[in-house]
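The chains carry the letters A, B, C and D, assigned in the order they are written, with residues numbered from 1 in each.
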Amino acid sequence: MHGDATGWLADLESRARAVLPAPVLRYVSEGARDEVTLAEATAAWREVRLLPRVLRDVREVRLGGALLGSPTRSPLGVAPMTLQRAAHARGEVAMAEAAAVAGVPMVLSSNAGSTFADVGATGATWWLQLYMTPEREVAARLLDEAVRHGAAAVVLTVDTPVVGTRHAAPDEERVWDVADPAWVGANLPESGREPDPAGRAKAMDLAPADLGWLRERSGVPLVVKGVLRGDDAADAVQAGADGVWVSNHGGRQLDQAQATARCVGRVREAVGDRATVLVDGGVRSGLHAAVGLALGADAVLLGRPLFMALAAEGPDGVRRALGLLHDELEEAMRLAGCPDVAALRGVVDSGATGPR
Amino acid sequence: MHGDATGWLADLESRARAVLPAPVLRYVSEGARDEVTLAEATAAWREVRLLPRVLRDVREVRLGGALLGSPTRSPLGVAPMTLQRAAHARGEVAMAEAAAVAGVPMVLSSNAGSTFADVGATGATWWLQLYMTPEREVAARLLDEAVRHGAAAVVLTVDTPVVGTRHAAPDEERVWDVADPAWVGANLPESGREPDPAGRAKAMDLAPADLGWLRERSGVPLVVKGVLRGDDAADAVQAGADGVWVSNHGGRQLDQAQATARCVGRVREAVGDRATVLVDGGVRSGLHAAVGLALGADAVLLGRPLFMALAAEGPDGVRRALGLLHDELEEAMRLAGCPDVAALRGVVDSGATGPR
Amino acid sequence: MHGDATGWLADLESRARAVLPAPVLRYVSEGARDEVTLAEATAAWREVRLLPRVLRDVREVRLGGALLGSPTRSPLGVAPMTLQRAAHARGEVAMAEAAAVAGVPMVLSSNAGSTFADVGATGATWWLQLYMTPEREVAARLLDEAVRHGAAAVVLTVDTPVVGTRHAAPDEERVWDVADPAWVGANLPESGREPDPAGRAKAMDLAPADLGWLRERSGVPLVVKGVLRGDDAADAVQAGADGVWVSNHGGRQLDQAQATARCVGRVREAVGDRATVLVDGGVRSGLHAAVGLALGADAVLLGRPLFMALAAEGPDGVRRALGLLHDELEEAMRLAGCPDVAALRGVVDSGATGPR
Amino acid sequence: MHGDATGWLADLESRARAVLPAPVLRYVSEGARDEVTLAEATAAWREVRLLPRVLRDVREVRLGGALLGSPTRSPLGVAPMTLQRAAHARGEVAMAEAAAVAGVPMVLSSNAGSTFADVGATGATWWLQLYMTPEREVAARLLDEAVRHGAAAVVLTVDTPVVGTRHAAPDEERVWDVADPAWVGANLPESGREPDPAGRAKAMDLAPADLGWLRERSGVPLVVKGVLRGDDAADAVQAGADGVWVSNHGGRQLDQAQATARCVGRVREAVGDRATVLVDGGVRSGLHAAVGLALGADAVLLGRPLFMALAAEGPDGVRRALGLLHDELEEAMRLAGCPDVAALRGVVDSGATGPR
C-alpha cells in the first residue's frame, strides 16, 4: 500500500512548485484562453458515479496485458511532455526509468531533451510523439530514427494545427526566456530546435491520407492523439490508425473543448473493437483511471502529475506515483467487483443525478 | 413531540465529538478516498422533491408492521457498526436496549464487543451482520451461535471484497492504536479478533451460490447488504436472498459509488415484491426516511447518527433519536397524505427541476 | 410608475423586521423542518426563462377580468395570513381596504382578528379561508356567517391534516407567548379560539365527498388550497371544486415538497379549462407573477410580502405593493408581447438550459 | 497576435469606468429589473462545449465574406448603442472609423449623436437601427435620409414596445441629468430629440405587415432585431425580413428572457437558409463569437465591450478590440478544424454535461 494518490500527488505538486522556475511551472500548468477546459478536466472524472458489482470473484485482478503489442503491468502510461529536463537533470531518461520499473509505456515528446538512444537504453516501452511538419521528410527521418532506437509505436498529435494561445499574464517572464537550450530538441535537426515544435506546424495541412503513409513508413502501430469526436475517431481508424487518443491537449488548445471524460465513451462507441482507445486529461487518482477504463478506454495516461513527481522526487517520485495509481486502480476494480478491465465497462451510472 | 431530528442529531454529534477519542471519531466519520460518495449521501435525500397527496384520511397512520418476519413499530433500524463499546461502556447491549424500546431491529456487527447472549437478553429484534471468510466454517459457527441466541436474520455484507482505503491524514494516530481489545471481537474465535474483520475477507471469493448455502444453514431470512445495482439485486434474490440492502457502506468502500438515494428505486424495480428492500446512507431525519420509503424501501437504517447518540447520551439518546425519527416520519406521512408506507410510493416527483 | 417591486419589497421587509415583535416575525417567516421548500420558492420562479413574442399589438394590455365570478383589476390577490393585527392595529380590515383599492380579492383567514362584518364593510372582494374541523357544524356556521357578510368564495385548506413542525430555535419565545388574544379568532366561537386553528384539524379526515357538501352549503365558488399534484387537482374538480390553489403552504407544511412554480403547469394540464387555477409561494415581483400566469395560473397570490408591507407602511404600503406588482406585470406582458393573460401561455421556455 | 480579448477587454472596461461619468457608465452597464438575463449572457456562451474536428486542412481560414450584400472581413459587427459621444468626442464617427478599418459593419442607433453624413463619410459599412414610431412618416423620413447617406441595411428593433425598467438605485443621478444634448438625436427632428427614443415607441403597434412596407420603402435589406423565438423568426422572414437578429436587448428589456446563446440555434433551425441570422449579448471573446457562429449565426455583434474600448482608448481601442476578436475567432476556427464559418456548424456538443 502506497497511501493515497490524490493527496500525495497534490502534495508533490506543492513541493514541485517550490523547485521549478516560475516560468516553467506556469508553462506546464497553464491552459488555453480562459482555462474553461483546463478547469473542468478533473471535475469531469469526479462527476461520474459508479454502480459497483457484488458477488464476483475478485481474488485475482488482472491489470496487466498488452497495449499496442507491448506488454504492460498497468493500463496506465506517461503522456508526452516537453521540458522534462527542466524538472530533472536527466529529464526524459529519468522518466523512462520509472516507466520501465512500473511496466507502463512512456510517450516521448518529439521535442525531448534526451536522445532516443538514451531513452531506449532504459528498457522502457516507449512511443514517439510526433508533430507532422509541412516537410514530410523531417518527420519521416525523426520517425526512422525513433524506430531504430526501439520506439514501439508512433503517436501523431493532430489537435495542434496552430498552438493555442495561453498567456494569463502577458507581462511575466516566458518559459523560453529562461529555458536552457539543452532542455529540448535533442532529436531534432539544428534547424528544428525551436522551443515549441508545435509552433512549426502552424496552419499545417494534415489529412487522413497522411495516416496511411505514416503507418506504412514506421512499421509500428500508429495512434492519433487529440481526438474528441466519434466521427473523427472512426475516420482515423478507417485511414489506418491502430489507436485513438482522446485528448484536449491538457486544455491547452481550444478552450471550451469538451472534457475528455465526456468524450471517451462516444469515441469507444464509434470505433468499437477495431482500435485501441487511450485517454488523458485531469486524471489525478487510480479511481479516475478506473472511470476512464469503465467509460471505454484501454489505457489512461497522465502528464502534469508525473512531471510534478519528477520535479519533486525524481524517478523515485514517478515510480511511487505510478505505483500508487496502480494500487488504487486495483483496489477500485476489486471494490467495483471487476476482475479485469473488460468487466469495468458497465459500472458507470449512465444517469448520474436525480431520483430514479 | 420530541423536537426536530436534524437539528438535535447535529447537536448530539457535536457533543459526541467532545466525548469520543479522536481516532475513534475519525474512524467512524471518515469515508473512502476523496470522500465524494460520503459527501453527497445526505444531499441526495435532500434533493428529492415530494408531491404530497391531499383529501386522504390520515387520522390513523400505520408505521409498524413486520420486517423479515419480526414485528416492528417503525420502518427504521440500527445499521451495523463496530466500536460501539468505544462510544458507551455497554456498547451494543446499550444500543440493543434502545432498539428494543423503539421496536426496531438492530443489526449486530460480527465484530461486536458484546456477546450474542448479552444482546439477545435485551429482548431486541436483532440480526447478525456477517463478513464471509475464506474458511466457510468460521462464518458458519458464528452464524449457528447467533441463531442460537435469537438472531432473527442474517445480513451478509457483500461490498467488502477488500477494505476501502480511508486515510485523510496518514500521520495521525489510528483507531487501532487506541482501541481497547474488549471493544471488538466478543463473538469471534481468538484467532479472528482482528480489529477490522472486513480486512480478513481480503480479495475473497463470494458468489451467488454462497447465498443458498447460508440461507439453508441459518434457517433465518438472509439479507444481502451493499447492493447498488438492479441486476445484482435480482441475482441475489434469485440465488436465495430474502432481502437486499441498498448501501455503499457509508461511503467507506468505493469512492464515487452512487448515492443510495439514487439507487433504491432501481433496486426495488428490479426485485419487485419478491424481496424486502432496505437502505442506509446519509439519513439524518424522519423526512429522509420517508423519502427512502417513498422511493421503494421497506425500511431505512441509520448508523453514524445513532453511534453519536450513544456516545453523547447513552441508550436514552438512542431511544430519543429513534423516537424523533419515528415522529418525524409519522408527521411526514400525514403531511404527504399517506396512511401507510405503501401509500408513500408515488409521492416522489420523478422530475425534480425545471418548469413543467 | 411605482419603482421596482423586488427591491422595494425587500426594503419593506427590512423595515417590517424593525417593527414586528421578534416571535411574530419569526412565526411569519419560518418554514417547516430544514426549510428546503421555503428556501427554493422564489428561486423556482427566477429559474424560469421566457421567450417573448414580438410584432404583437400591445398598446392595450388587459390585466383585469373576472375571478371566480368577481371582477378584478389584476390577476393578483392577497393570500390568507394569520396575525395581521400584529402587523397593524386594524389588521385584516386595513389589508382589505388596500385590496379593495387595488381591485384584487383578499382571502381572509378563518382565524382572522377582524370580524367578517368589518372586512365586508370595506367593499373588498373577499373569500373565506377555511380549515375543516372534525365537527362539520363548526365549519358550517363559520361559512354561513361569512357568506352572509359577503364572502364571494370559500377556500378550503387541504394541506394541513396536521400542522407542520417549525422550530428552528425551540428555546426562543414562541408567538403564542406574546400574542394578544384580540389578534385572532374574531369570528370563531369562544371554544374555537386557539392560536393556530390549523392545530384543531389534527389528523382529521377530509375526503373528496366533503367538497360537494361544502359547495352546496355555501352557494359560492369553492377553491381547494394546497394542491401540488395533477391527479389530486382533477379529483377535486371532479368532486365539485371550482378552483384549485397550487400551494405548499409557504413551505410551512411538508418540507421537501416541490416548489409551486414547478407544479402549476401540471395542475393546469390536469384540470384543463374546467377550473380556475391559483398559485402562491415565493412570488416577489410582477415578473414572477407573469411567470405564474405563463405557466398556467389564472391568478397569483402573495402572503408574506403584503404582511411586511402592512407592518411597515400600513394599508398604504399594501396598496403601493399591489400597484407595483400590477405595473411590473403589465410591463412584463408588454415586453413579452402579450396583450392578455391568455397570450402569456407559451412564452415559457420549456427547456431552460443548455445549447439548442 | 494581439493578446487575449477576454482579459484585455475586461481591463479596458476597468479603465473606461474611470473615464465615464458615473450615470453614463451605469446606464450602459445596467440590465432590466433583477438583472437575471444580464447576469447569464456571457455564462451562456461559456457553458457551451465544443468537439473540434481534426485532420482538416486549415492552412487557410476564411473569415470574410458578404453580410446582407456588403463585404466583410470578419463575421463580427458593432451593435447599435446610444451615448457614444459620451464615450468619445467624435462618438459614432470614431466608432465607424474603427469598424471601417476592421472591415465589419457598424449599426448606427437612430438616436446617434453623429449625423448620417459624417458616419457615411468614414467609408464604413453602416446600417441604420430604427425604432418604429406611431407616426410612420417620422421613421420613413429617417430611413430615406439614412439610405441617401449610404446605409446598407435597416435594423428594426422589435423588442421595445415599452422601455424595460432599470433602476437598481432610484435615488442616484440619472443619465439624462448629466447628458449633453449633443450626445443624441443628431438625425432626429427637433421634436423627436428625446433622450431615449425607445420611450417614444411606448405601447406601440408593430405588426408583421409593417415589415413589408419598410422593406419596400428603403430598398435595402431589412433585419428584425430582438427575436428569441423560432416562430417569430419564421413569421418575420415570411413577412419580408432579410435577416433576424437574436437579441434580448442586452438584458435591458424583459428580465428572465432566455440567453441569446440558448436561442440562436432554434432561430436558425426555424428560418433555415432563407434569412441571415445575427446574434448579440454577452460576447466577450473571439471564442464566444465562434460559439455563436457554430450555433447558427452568420455574424456576431458586440455592444458594451466596444463602447468601453471607445471610452478607454478611442477608435484605436475599438480597432484593437475588433482585431483581437478576429484573431481569436480565426484561431478558434483553426483549432476546431474549420476552414470556414459553415464548417463550424456541428462542432457544438449538443449534450454538454454528464458521462456518455
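Keep in mind that, in the parts below, a contact is a pair of C-beta atoms (placed from the backbone, for glycine too) under 8 Å apart; a residue touches a chain by one contact, two chains touch by 3 or more.
Labels paired with UniProt names: A, B, C, D = 4-hydroxymandelate oxidase.
Predicted model only: the values in this text are computed from it and were never measured.
Peer 1: Among the chains, which one keeps its Cα centre farthest from the Cα centre of subunit C (4-hydroxymandelate oxidase)?
Peer 2: A
Peer 1: Superimpose the Cα trace of subunit C (4-hydroxymandelate oxidase) on the Cα trace of subunit D (4-hydroxymandelate oxidase), which carries the same sequence, then give the rotation angle to the nearest 5°.
Peer 2: Answer in degrees: 90, to the nearest 5.
Peer 1: Give a one-word verdict, same or different, on whether subunit A (4-hydroxymandelate oxidase) and subunit B (4-hydroxymandelate oxidase) use largely identical residue numbers at their interface, taking over half shared as same.
Peer 2: Copies use mostly different positions to touch.
Peer 1: Measuring from the mean C-alpha position of subunit A (4-hydroxymandelate oxidase) to the mean C-alpha position of subunit D (4-hydroxymandelate oxidase), what distance in angstrom results?
Peer 2: Averaging C-alpha atoms per chain gives centres 42 Å apart.
Peer 1: By residue number and range, which residues of subunit D (4-hydroxymandelate oxidase) touch two or more other chains?
Peer 2: Only 48, 352 qualify.
Peer 1: Of all possible chain pairs, which ones touch?
Peer 2: Applying the touch criterion to every chain pair yields A-B, A-D, B-C, C-D.
Peer 1: Can you list the subunit C (4-hydroxymandelate oxidase) residues touching subunit D (4-hydroxymandelate oxidase) in their complex?
Peer 2: 1, 3-4, 6-7, 46, 48-61, 285, 287, 291, 328, 331-332, 334-337, 349, 352-356
Peer 1: Spell out the residues on subunit C (4-hydroxymandelate oxidase) that touch subunit B (4-hydroxymandelate oxidase) in their complex, using ranges where they run on.
Peer 2: Per the stated touch rule, the residues are 33-34, 36, 47-48, 158-159, 161-162, 164-165, 167-168, 170, 203-208, 210-211, 224, 226-229, 232, 235-236, 239, 253-259, 261-263, 265-266, 295, 348, 350-352.
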